[in-house]
């Protein structure tokens, strides 16, 4: 079990988590022991250039973000297929490569369509 | 007094900022930029309504540095206002001094000795160079260049400030000019130092140009952004490099021939697009012209007194009357309007601040552009809050 | 050994539960990523390394982002006042409980016949690549078509037609800098 | 080494949770989240069956899972796109209200 | 770590542990003063000049001008605080995380300076928030700002971690919030923070 | 460039009914100005801007000026009947007496506009407008529709002097905060009592200091 | 091509980076507390009071004429006149400042006080390291803190100080010549009380009948001669004497101005009733 | 001897483990390696911040920090102590839990990437078959933490900054992935160790790094651009673009939470640089066969150092792009170039050995670069201008 790569990853995860939490804990301890936190209304208000914050920040965003996210998702998924192909690439024949070419071209076509449609233009 | 009950008439359409409509997608976000904001040059504030990242409404808010300059000017003697003018546009105290001195000289018909005129030109042009360099530095800072251009600009500015200090005694608040001349004379050593600094300036401008001019990011961010049309610019009273960047040939040094500017050969660079890049480039080219003027002025500087012996400094009581004197300050037309009732204090003391009036079109330039551009457009106007709010 | 499995399972199931139960949508989405992450760990435990990492890449990296964007786009950060569960929540709960009961029963019934231990398969990415390029080349192309179609479809659906209702900044509203706006402090 | 059954139980549990979420939540995005959970539970089943199958080297279950991930991603993109589109018109993500508006 | 001998002896009474922590704490604080990116008027230009190549405040580790008050330690009030700006300044100060320091740079920030006779000028920011170091000058030279920095560092060095004379931010009883004045019809309300500021009684 | 009188004539020719008065400036620079009447101001301004010869397209400066009510003491000769004993008889007799009469000449607020021409490169032409008094009729027409540069400057004049510019698109306070009630640049503005300890108290500062002290001792203010 | 402008910029920073190790031109930092740039002679920060000789109190050139106080734009100078007199540098009995405060937390370093001073008594200091945490204690400078010797003045502004010294010497010579002439005339007339122009021969005279504080009282013993005027509590015209014969450096305006404030100040309420709260 | 030096850390670890019982050796070995990684990179972070501040200072004609400790090297320690003892502010309206978790998750995900990076010969925590995929899977998770930070603060600047950051990161993530796929195509493995070893030959003393091929160079440039954007560094530092968004997504963070973001950013830089040098610059290989006597880990960290210097250099020089330009650049320049590069790589393999493939591949790439660049400049409508003067 210890020789499994996942064990190393788990240890790394735990230690990294500890690395993140330990100073925060230490800072918390410092606040408890020496430097009392003094939260108050103004301090804990939202910073807005020295003014009182007005209006909620959680507003409805524009769909531009979403469109990019869609294309990103599609390309991410593409990468899932592209990577095994790339690994096997050295041993593959031309036919397999052509089929991958078709795969990629189909997606490029989607990208080109989106480009032409103006999806890739930031609002 | 409340402005209620005032009927608002429909205004001529073309000189109003356009109304930008949201496309209804996403919610509008009202963001205050300033008074404490890293890129508003101090305490300026813009209330911005964003549609996504596009600005669809922008209201400048002033007054966070309103220091009652005009009222102080009316309560104090003519002389006592001179150091206050230093604090108007605190980058260019010497040109402020000059504008005020000019207005008072106009009020009383005071002559200025030739050597003093030359010194004024030298100092004003040095001021212009350091102002333009810093402005460009700040503009680049706002563009996110982590201070390097600003550092180079300030490196040069420090050299010029050293000159100011060794002549006038102070780095920024020079309080140097007087009605009828200048306070102290420049020593030969000072002139020598000035010549040396001026000789080094072209190399600095070259470096600046190499560093920035063809940078693709700079061009992409500045060109075609914040376009100002010449007719609107004139109608809105825009002056200085900002006006010239729209292609309008109006330089008060050439128009009014105040001081002794008609003795020097220099050209007025003009832009054609009126965008940020033009404003930036006009300043860049003006620095070169200023160096030309400096070289000529330093060559021709005559000997003589720097103060008209007949000039009165204290107990100065101009006869009743009024005068408007203006000069081409680095930021635009800087004017002083004085009304004298014969007393020791001006009855009315008014500053025509170029920065303030140049902001009139801020909204027009910003509407419809990206919020990141607002910062740049604002930076390219080149304002100093001390002058905007007075 | 089982301890790890139970830990991961608890992680995944807890994440899923939280994703379904949490009132705040963004919290739910974040809990969802925890569930995805837990599932990915289960994949890893099942020696499906590639699938596990692919799960993290696609779900934690992309789908979760998509979900939170969708939440922000529909102003879903706030907890609605009228409650988050539908009026017929009881029926839904009953149905899903039933489904679970049936499935669990089936599994438990079949449990003795299910394999307990098999040798860990040595599958490399290279094998997956080869399989993909040989046996599964047709599905691959179909997936490409599907993805492209999804791209087109999703973009068309989500894209904003310009003919939407106009909302002018000058329109009367509580704030947004209408004239007469007073805001100094 | 954990036997197959617990995986299946976990998958069933997550599936049921997803189903419950999809059926009880009002928000359309939450419904989609439930569906995603269900699909993932199915994926877990696929992988588990593959792992315990007599011929894992054939990769059937694994490939299915990978394809399933792709399909689920596409589903999420389109589904959420639909939600956004509906929201834009109806200004709501509430499934019940959407139902009402239909009639 | 320029803690003088006397201080060390005094610290000795508090125990070695606390002393070490205190030295480390003070050293950390004094060596890493991040000012807030905050300029008001003329002095702001000299403040910028201080960070520029000639004077280079970075040598003291203080070039990290943070735009957000949350991450800043030092507020350099560089210039005239007008009445219109005062509430914002106080609010920003309130929004800074402890420990926080204030340098009043230049005549205007200390007392209104040349503009103190004006109707819109606050006569010294110490009416509302406690000021650690005052720098006179109009504007002070960059060197003066650096010197003020060193004065502040010295001040930090001498602060005790525990005990009666510990600085304000370590004291639970000391106020952590300062009233933000409101705009009145003629003047700010209130015209000063009574807890922070009293007119000094100077016998002539 | 035309002289002030010529401009006056041109205006009167172009804008019927406009009343224009030349105000001479005794200073050596001889920047005379034109006092125009409020009702025709916009028309006059439009003429000044659009006239081909003047082409005053550039409004440089807008200023408010406050002239206080003036108390004028003048000696008037008054004839009145005074009872007088003339020849032992009480009689009303006309008598001329010199009497000092006080008359209050109402003050006014003035808006001054400095115009230049960018196209013709001449200027300044100064126009001014006056309000009728300082208290109730402090309205002037806004010239913002003609010159955009007046937008902020007129707001400033409104803020500091209290001249209400009718027709201004967005007349709000610009420099002071919105809750502020006074117009601080008016010459009769009373400053708030925000006395600060000053070792240098002089003159009016000292007076204010003393007033403040009195107030504090009376318990009206806290510090 | 896309990117060459960026490369040019990179080259420029690289040049500066490399140059900073070799060239002074490129490494402009002056490490302030250890290294300092010499201040230019004209540099100014806050005013100080010049005194001649060794005793700051005796040697103060200031005669409390209050011109600077009046002309100071931000009004940061506060002067209280003495009620007695002491001889000035030419030996003329003069009023001196019983109190001379400058609030440098207000001062705007404009140098107008120096310009208007007819007595070369106030000059600009170059000292700038004045940061303090004590606003009133540290920044309100009184007479003693303001006083600096003429040598110090020579040190910081050598050229200007020499000019001033020359001017003063000239003036003094003139005054002495005049006094000499007067003395001679007096001697000719004979049996007259010693002339006022003999600073070296102080006549011990009890302090003027004023409620002087200890310092003043102690000093008052030294305050010499001053025939009749010293008895008057406040000199009605402190300036004209000097003003009329110290002509060399003063324009007529200066002289007139030197008179006016003195007059105006007489009418003003005495600033002693300073409110303290 | 060189062998020894090269393996000094490995040998050291085994020597240490030798004192432990058999069953403990593996787990403790893992823990030691992990602790080394997590101790090392924050230390490097500390050094880098000083280097950056001093380096940028030098570019700006000034000295930079030099007072705290000798030559200012203790500066980061002071900053750390200061941050640790600084008050921690959580705004009232913020989402406290998410606000707390965001920096922790960022740090964790950033560190996870190092698991698969070989830092020297035999110096890798896990050599996984799907190593590169793991790396990207972890990289993808950082976006979520940035979003969490911005959203939970409930501050307008934060949220805008976070949305920008996420949009930017997802855009460049695609480019990052696709530019490294080329390398995988050539090496036939996702294992980073194998990728390094695939570059382990020299001809005439020069190494066979992938950067020395047309497709490799193109991929490297695209990788460098995408990597810079992925770590939010100048000129792509918009999310923290303080000129308009104050401090971006960490506006509301104070104390050590902010320091963790700061640390996360730098460690991500190391990680991206490390991966970059592994993929394109031969990882821990020496640049010349004659220099192989120098230990491998020195080469790896040397390459890391050089790439950090480049990051710093860029930061000291360039202004930042605008959001739309940045997105356009990602989708309309970098992504097409990456996709094209896939074909070029395929072509490279099928054209066989010989100079022709060099010529064709380079020609295609240069042509594409120039035309895409031109097209971009034309679309953005910018270019040099000339100016007129009035006398």
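So that you can tell them apart, the chains are marked A, B, C, D, E, F, G and H in the order they are listed, and the count of residues begins at 1 in each.
Methods note: a residue touches a chain if its C-beta (ideal position, glycine included) is under 8 Å from a C-beta of that chain, and two chains touch if they have at least 3 such contacts.
Here the structure is a predicted model, which means the values were calculated and not measured.
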{"item": "Separation of subunit E from subunit B in steps, with touching chains one step apart", "value": "1"}
{"item": "Set of chains whose contacts include both subunit D and subunit A", "value": "C"}
{"item": "Selected interface, E-G versus A-B, where C-beta contact pairs are more numerous", "value": "E-G"}
{"item": "Averaged-CA centre spacing for the pair subunit H and subunit G, given as whole angstrom", "value": "64"}
{"item": "Cα-centroid distance, subunit D relative to subunit E, in whole angstrom", "value": "57"}
{"item": "Between subunit H and subunit F, distance of the C-alpha-averaged centres to the nearest whole Å", "value": "67"}
{"item": "Rounded Å distance, subunit A centre to subunit C centre (Cα mean)", "value": "14"}
{"item": "Residues of subunit F touching at least two other chains", "value": "169, 172, 175-179, 184, 197-199, 205, 223"}
{"item": "Residue list for subunit C, restricted to those that touch at least two other chains", "value": "1, 45, 50, 54, 57-58, 61-63, 65-66, 69-70, 72-75, 77, 124-126, 128, 132, 143, 147, 150-151, 154-155, 158, 160, 164, 175, 183-185"}
{"item": "Subunit A: positions in contact with at least two other chains", "value": "34-35, 37-39, 41, 43, 45, 47-52, 54-55, 57-63, 65-66, 69-74, 76-77, 79-81, 83, 86-89, 91, 122-123"}
{"item": "Parts of subunit A lying in touch with subunit B, wherever the complex brings them together", "value": "48-51, 54-55, 57, 59-64, 122-123"}
{"item": "Contacting residues of subunit H [partner subunit B, same complex]", "value": "56, 59-62, 156-157, 160, 234-235, 237-238, 241-244, 246, 315-325, 377, 380-385, 387-391"}
{"item": "Of subunit D, residues touching subunit C in the complex", "value": "1-10, 12-27, 29-30, 32-34, 36-37, 40, 43-44, 47-48, 50-54, 56-57, 59, 62-63, 65-67, 69-78, 80-85, 87-88, 93-96"}
{"item": "Interface residues, subunit C side, partner subunit A - complex", "value": "1, 44-45, 50, 54, 57-58, 61-63, 65-66, 69-70, 72-75, 77-78, 124-126, 128-130, 132-134, 137, 140-141, 143-145, 147-148, 150-152, 154-155, 158-160, 175, 183, 185"}
{"item": "Subunit A residues within the subunit E interface of the complex", "value": "34-43, 45, 47, 49-52"}
